Every structure is written in structure tokens, then in C-alpha cells.
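Shared chain: chain A. Partners: chain B in the first complex, chain C in the second.
== the complex of A and B ==
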């Protein structure tokens, strides 16, 4: 029994390594910048969704306000860079730490809320964050920040001539988020989180401090999302509140996980691999103002998934589920 | 030697309703104590107070020589209070073994050890064959058993069983009784709330009868069932006079 469990964990790790290896080779065959762009965004959203999944999927605290942490990562990096000349790599880490601290600060009052009330609180807080940044003169207010071009370099983490370095960073970030999830899944925290999601009262009776578990999940989740935000800011080379903290980011972190399988190891990656290219393609084929159309596609997908496969697409591959269903 | 568990003058009020009034009970090490009484007697409330789900309005709770009144449920579990729930609260999306691992993690921080411990507990409780099944796929009797297994995995000194034998078929109940005996033989003190008198009375060393939030009678099961006060509480005064 233990053997099959260990074997499954090892198999997941091998599959991930193979996929990451294949992805790393993709640029050899894909030269089209537009397609490369889609790949970069897909990897980034896979990473973000994987991070979102830690708090909302495993620990069951559904957040629709993760755009806040994304924006904090982006702003911390760029403010430190443009105002104090701090290298983006340090800014990235600082953004992660600040986002984690803010996540815990917000968790302190909000983890007392349950279900829909918690979700509403996360939306409201992210909107407040957006408004604050829109009015914060020092941080560029609604005008945003343009990142000064200093030439292509890994040190400054900016590249004008080629998108490939961004691609590799996104791949590393995605692998990291996956690996962290994989590692946490078979740890004390992973078990605590799932217990908290399923039944907080029972978890508490088994020695799980529910509140601390939620705080831990929030911190890890926010940290990783902020790293993604810092990356995105460097990638765009220009940020304003709406383009790094808008509500659509909260949605785009949640949807891949929901589509692929919420609270599962592979769900976010699978969901992002389907959803993000589809979004980009509908946008480009249906035309400039296609913004509404991709939302219609999301909506239709989510309805279809929740009706046909409430556990997400990964349940098609899952054996436990099939075995369980016979009983 | 002091008692393992003691409640001293415990009161619990919910608004105008007094669920427990001045309840003082004690449970000695190695005992199986039955907590019985008609519906609404305050048994479950007392259980929740002992497990730390809510603090008593008044009074203190002592466990293993310490005042634990102010401690939350998770900390009481860490000190050795394990419990089951009257309405089963399995972790439905997790497998049986994973459910038990959550409990085992209280005393084993290394995953491999927690997993080993969980397997041992599943053997002990007769659930080993169901280890990799989702908890949501268990039949009700198995879910009850899983509640016990999960609590046992925390290596409690005191196990609180809340109606684990209620609603089972006679055969299932007998297996349950055997399990409770086995638990006690493993050195764990048991305090159990139970409705089914004919099952619980031969099992317990001592019975405490609650009625209207108060301790009505306390003593050996054979004495308790004959006590006119108990009969009247369950069946009404008319029957008590006959006894």
C-alpha cells in the first residue's frame, strides 16, 4: 500500500520532469513570436493558478482577490527598481515577502469568515488595493510606471530583442510552483489544509490549529503569486494599476484550477494549457474588441465543467475516483 | 492518584437555556465510563465542553492534573483528549488512510512515521482493507469506525465516544463493543455517550446519568438501571413508583 503511494508520487515527479524538459525544447521548433508569447503567458498562468490552488484548492479558502498579491509583486519590484535602483531579483523577493505579510495581515480578520463571505471580502480588498494604487501619486497613480530600458541583461532581467529568456523564467516559475505543491501535498501542512477544507471542526479535534493552517497557506500562495507579478511587470516593461491588479487576474488564476481540477496537483497546469491559448486565440481571431467573447467562452466552459465533471478535467485520469465509484 | 478527567461545577448556558448546571464528574485512569440520559439531558454539551469546542459559562475542567478550561480543542487534543462526533465528520474528499494520517500527525511529524502509525491504527480498528477508499464511499458503520480510528491515531489518554454504537445493526454494534474493550485494554480511558442501554450497560464500569443538565445518579451500571430516579427520568414517574 505504501509502495503504490510512493510509486505514484515518483511517477508524478517523473512526468513533471519530462514535461518541463519537453517545454524547454519547444523554442527550438517554435520561432513565431506570437506563439512564444502565448506559451509564456500559459506558463505564467499555470504557475499563478498552481499558487492560487494552494490556498483555495487545498485549504479550501476561495480567494477572488489574488490580483492584489500579483500587483504587489509587480509594484514592489518596479518601485524599488525605478526609485532606488534595486535589482528586480531582489525586488521580486521583497514583493513576495510583502505579499505574504499582507496576506497574513488580511487573513487575521478574514479567516474568521466562512464560505461566500470570505470570497466577497477577498474581492473587496483587491478592489480597494486597486483604488489605492490608482490614486497613489508617488507610485505613478493611474499613469503607472514605465520601466527604463537598460539593455538586455539577466542582471536587470530585461530583454528587448528576444522573448526567450522570459519563456525560460516562466518555465522555471511554473516548475517551482508545481514542485512546491508536490512537496507540500505529502507534508504535514498538505494534510492539515485538506482536513481544514473538508471539515474544520473535525480537524480542530485532531490537533490541527485551523487558523494557523489557513495563515500558512495564504502566505505561501501570496508569495508565489507576487513572484509571478514581478515577472509580468518585467515582461510588459510597463505597469499601471489596471494592467497588474485588475479583477481579471483574480479570475485567470482561479479558472485554470477550476477547469483542470481544484485542489489537485495537475489541475492548474492542465487547465492553463487549455484555457490560456484559447483565450489568446479567441482574442486575436475575433478581433480587437473581443474582450467580451473570451469571457463568454470562460463562462460556457465553467458551466460545462461544473455540470459534466465537477472534479475538473483531471478526474478523467484519476484512478482513485474510478475505484471509489464502484462502491 | 488523581482522576484523569474532572469537571468542577461546570455550567453552560445558551441564552436562557441551561444545558449543564453544576456538573461535577470525574473519570479515573483506565475506566470505561458511560454518560447516559434522555434526549436533551446535556450529554453532548458536556462532551463539547470537555473536548474544548466551547468554554463553559462557569466552572473548570481538569485533565491529567492540569486546568485545561481555557485551552482550545486543538491543544486539548495535543494533551491527549481524543473524540468522535455524534454526526460523523469524515474528511470526505480524502481516503481513509489520509483521514487517519491527519490524526497521526499530532505526535509524528515525519510523514513516513505518521503513515506507519495510521496503518497500524487501521489494522487495530479493522479498516485496513478500506485504506485507499475515499471516506465518502464508506458505509455508515465504517464511517463511525473511521471516527474512532482517527481519534485513536492522535494517541489519546482519554477517548470521548459520542454515540458510536447508535444506529448500528446488532452485529455491527457487537463489533463496536469489542473495539471499545480493545481500546481500553490498550490503556486508553473511555468516556462514552450512548443511548442504547442494553449495549452500553454491560460494557461500562461506571455510569453517570444526566437529566435536565444535572448529574442525576452515578454508580455501577446494575445499580443505576434500578434507581427509581433514573427510571422516572426515562419513563416518567408512574413507572418509578412501580419499581
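== the complex of A and C ==
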């Protein structure tokens, strides 16, 4: 068991490195800005979903309020940049730390709740955040913030002429989120989380500090999502509360992980790789009519995939593997 | 207004609260019901109040069909059933919104003249808008009816038993799918009633459900899952809190009060006010 587990982990790491390497070469062949845009969004959602997966997949605390942390990352970065001239790199870190602190502060009362009560509480808190930002004059209220153009530079993490730097940052972020998950999977924390998810009472009785392990997962997850939010803000150069903190975002973050396989290492990446290009393509090819055909296709696909593969696309691979093993 | 929230929530209380099936398309059920009563008015000039039973009947069929065609399979998932239900019904919600946009266009519609629209009635010097008053009366009747239904009839007992242990009820000859299909139909019919009454004084557009859905979830959870009376009380509290917040804060923040009260309640009572689950 131990040997195969270690071998599997080594294999996962090699596959990830190869994939990341191939992805890094992709811009050499893909010059089309529209396609590059889709790739950037795919990587970003993969990263977000991977981070969401840490709390909701591994630790089993289903959050549908992660848009809050995404928005906090975006707003912290841009408020610091536009009001105080702080470079986005520091703003990004600040946003991550603030989000992690808020996640732990909220975790204190939230983690007492179970099931639907917890899920609804996460939706509600993100919604409160959204409403507060929509009414906060200093932060631009519902109008949001337009990020001033200061020319292309890595220092200010701002690029107008080419999208490639964003692509590489998204790739790094996605790899980082994957690597953190990979690393945590085999750590003390990873085992605690799975125990907490399966049976919190039993875990507690065996000496797992359930509360602390949930807090840890929440902090890591919120930190990474906030970094994603800061990236998104720089990428769009414009943010408003609805577009970075809306409920849709919480679902969009969860969706790739659920479709790919919740609580699995590869699920979020796989889910995002299929879902995001599909979303963007349906939107641009059949969404132009404004008659909602893209929504019909998109909704029907989500229903179909959730029903056909309740354990996610990853289960396709593991099923064939399990068969091979028994033979 | 609280009783209206209650009326929207009562159908959800049945599906979400009593059968323990997450339904993220509840708001879209409401939207469909509002369109139904709009078209009955526009094409046949049937007043929304008269057509309410028709809408409820149509929604009953719709709810049962949705259960049999889609939700039944979502509940079969062995692993992470909760997430499968959330995303299946979420996909359904998007699908329904898309279909509404396609067939009904995103335009805002309203029912210009109905028997009660825009009229007010004076009771002991307090002026009340008639549609809201009727909504409140229907809401109380719906809650009373559901309460009776769940606690006093064989069907209600079958429903609770099925949620508790589908395997065991199969042994005593209860068909799980029939019970749940009926439950979904009933839940949809109740939201159909809500839609018919709301159609009188709300604009009707494809996204209208979304704004009410979250409040309906909060209402059900506030009252506590598994309790019909809880959802009723939740509705009244939500209405009162909203009215109070509207006095204290700018109108755009009026929902904050509702959300804050929900959080406060579940922090003190993690199972809602009257919840049993």
C-alpha cells in the first residue's frame, strides 16, 4: 500500500511537471488572442477550484461563499494600488493574508454549523460582503474601480500589449495551487481533513483537533482564492462588486472541482480544462443572439454531467485503473 | 411582505426541509409560475387570482415530472450526494432561465389590471395593499394546509418515513418515487400559488426567481429544516426584519438585516429556531 501510494504520488508530480511544461510552451504555437484569453481563464479557474477543493473537497466543508475571498483579494489589491500607490504584488499578498484572517474569523462561529446550515451561512456571508461593497462609497460602491493604465511593466503587473505575462502568472498560480494540494494530501493535515470529512466524531476521539484542521483548510483555501482575485482584477483592469463577489463566482469556482471530481487531486484541473473552454465557446458562438441559447446548452450540460458522473470525470480514469488492478 | 416570503418558502420547506433534497431551482419554479399566470392573463384574460389554482395544478405536474426525470437520478448518487443535488438543480435553474429568455424574451412584463392590483383596503385605519393582503391570507392557508397534511395524513407520515429510511419503507410497501414525486409536485404547486399572487404586483422577467430564492432558503433554514411551523415563523421574522432594516439603513442594504439575523440565529441555535434535523 505504502509503496504504491508513494509511486502514485511521484507519478502525479511527474505528470504535473510535464503538463505545466507543455502549457508553458503553448503560447509559442497559439498566437490568437481570443484563444489565449480562454487559456488564461481556464488556468485561473483551475487554480481557484483547486483552492476551493482544499476546504470543500478534502475537508468536506462545502462553501458556496468563496466569492467573498475572491472579492477581498481583488479589492485589497486595487484599493491599495489606486488609493495609496502600493504595488499590486504587495497588495496581492495583503489580500491573501486578509482573506485568510477573515476566513479564520468566520470559521470560529461557522464551523459549529453542519450541512445545509453551513452552506447557507457561507452564501449569506458572501452576499453581505457584496451588499456592503456595493454601498461603500470610498471603494467605488456599485460603480467599482477602474485601474489606471501606467504602461506595461512587471513591477506594476500590468500589460496592455500582450496577454502572455498574464498567461504565465496564471500558469504559476495554477501550478502552485496544485502543488500545495499535492503536498498537503500526504501531510498530517491531509489525513486529518479526510478523517474530519468522513466522520468528525471518530476523528475527534482519535485525537484529531477537528476545529483546528477546519481552520487550517479555510485559511489556505481563502489565501489562494484571494491571490486569484487579485490576478483577475489586474487582468481585467476593472472591478465592480457584482463581477468579483457575485454568487455566480462561488458556484463557478466549485463547478470545475465537482465536475472533475470533488476531493481529488486532478479533479479541478480536469474539470476546468473542459468546462471553461466550453463555457466561453458556447457564449461566443451561440450566446450572441441574446436569447439565452448558451444558457440552455450550458445548463443542460451541467445537469447531464452531474447525473452521469456523480463522482466526477476523474472516476472514469480510476474505474479503468481499478479494473486493471484486479486482473 | 413576511407572509409572502413565507408563501414562497413553504414549497421549499417541503422539498428542501422535509424531503432533504437541495433544490437550487426553486426561484426558477417561481419564475415559471409567474409567467404562467401572465400568459393566462394575456391570452385568456383570466385574472391571476382565478387562475391561481390552474397555475398550481400545472406546477404540480411540472414538479412531479422534474422529480421523475431528473432529481430522482440525482438522489441515487452514492458519493457526495449533496453536491450532485446542488449542481443538478443549479444546472436546471440555468437551463430554465435560458429557456425563459429564449421563449419569453428578457423583457420585463407585468399584469396591468387585475381585480386587486394597486388597490388598498383600510382595516381600522391601517391601509393595506390588497394583493399583499390576499397573499398573506393564502400564505396562512397554505401553511395550515401543509401542516395538516404532514402531521395528520398517511401521506405526510409516508413522506417523513421515506426521508428517514427509504430502504425500510420499501419493505412495508411504500414506493419511494411515488411519495417523493408527489412531494415535489406539492412543493411546486405551492410555489405556483406564490407565483400567481406575486404576478399581480411584481415585474416578470427570466431572472426574477434569483432575487427571491436566497431569501427563501434563508427563511427555511432560519425556521429550521424539517419544521413546517418553523418556515412559517421564519417567513414572518424575515418580513419584520426587512421592514425594520429598511427604516434604519438605505434600501439597497435591506437584505443585510435578514442575513445578519439568520447568522445570529444559527450561531445560537445551530438547527434553526424549530428545526429537528
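Methods note: the second predicted complex is superposed on the first by the 302 of 327 C-alpha atoms of A that agree within 3 Å, B and C clash if a C-alpha of one lies under 4 Å from a C-alpha of the other, contacts with A are read in each partner's own complex, and residues count from 1 in each chain.
Heads up, the rule we're going with is that a residue touches a chain if its C-beta (ideal position, glycine included) is under 8 Å from a C-beta of that chain, and two chains touch if they have at least 3 such contacts.
No experiment lies behind these values; they were computed from the predicted model shown.
**Student:** Determine, under the contact definition given at the top, whether A:82 touches first (chain B), second (chain C), both, or neither.
**Tutor:** neither
**Student:** Quick one: is A:303 in contact with chain B, with chain C, with both, or with neither? Answer first, second, both or neither.
**Tutor:** In the superposition, A:303 touches chain C alone.
**Student:** Taking the superposition as given, does A:124 touch the first partner, chain B, the second, chain C, both, or neither?
**Tutor:** In the superposition, A:124 touches chain C alone.
**Student:** By the touch definition at the top of the document, which applies to A:37: first (chain B), second (chain C), both, or neither?
**Tutor:** The answer is neither, since A:37 touches no partner chain.
**Student:** Any idea whether chain B or chain C touches more of chain A?
**Tutor:** So, of the two partners, C touches more residues of chain A.
**Student:** Touching A:146, do we find chain B (first), chain C (second), both, or neither?
**Tutor:** Neither partner.
**Student:** Of the partners chain B and chain C, which touch A:201 in the superposed model: first, second, both, neither?
**Tutor:** first
**Student:** Using the touch definition from the top, say if A:243 reaches chain B (first), chain C (second), both or neither.
**Tutor:** Neither: A:243 stays clear of chain B and chain C.
**Student:** Give me the intersection of chain A's contacts with chain B and its contacts with chain C, in residue numbers.
**Tutor:** 263
**Student:** Once bound in the complex, which stretches of chain B touch chain A?
**Tutor:** 51, 53, 72-75, 77-78, 82-83, 85, 89-95, 97-98, 101-103, 105-106, 109, 111, 114-115, 119, 131-134, 136-137, 150-151, 153-154
**Student:** Hey, which residues of chain A end up touching chain C in the complex?
**Tutor:** Of all residues in chain A, those touching chain C are 62, 64, 109, 112-117, 119-121, 123-125, 127-128, 131-132, 134-135, 247, 251, 254-255, 258-259, 262-263, 290-304, 306-307, 310-311.
**Student:** Which chain C residues qualify as touching chain A in the complex?
**Tutor:** Residue list for chain C touching chain A: 16, 22, 70, 73-74, 77-84, 86-88, 90-102, 105-106, 206, 214, 217-218, 221, 225, 250, 252-253, 255-256, 259-260, 262-263, 266-267, 270-272.
**Student:** Which residues of chain A touch chain B once you look at their complex with the stated criterion?
**Tutor:** Residues 1-2, 4-5, 186-188, 191-192, 194-195, 197-199, 201-210, 263, 320-321, 323-325, 327.
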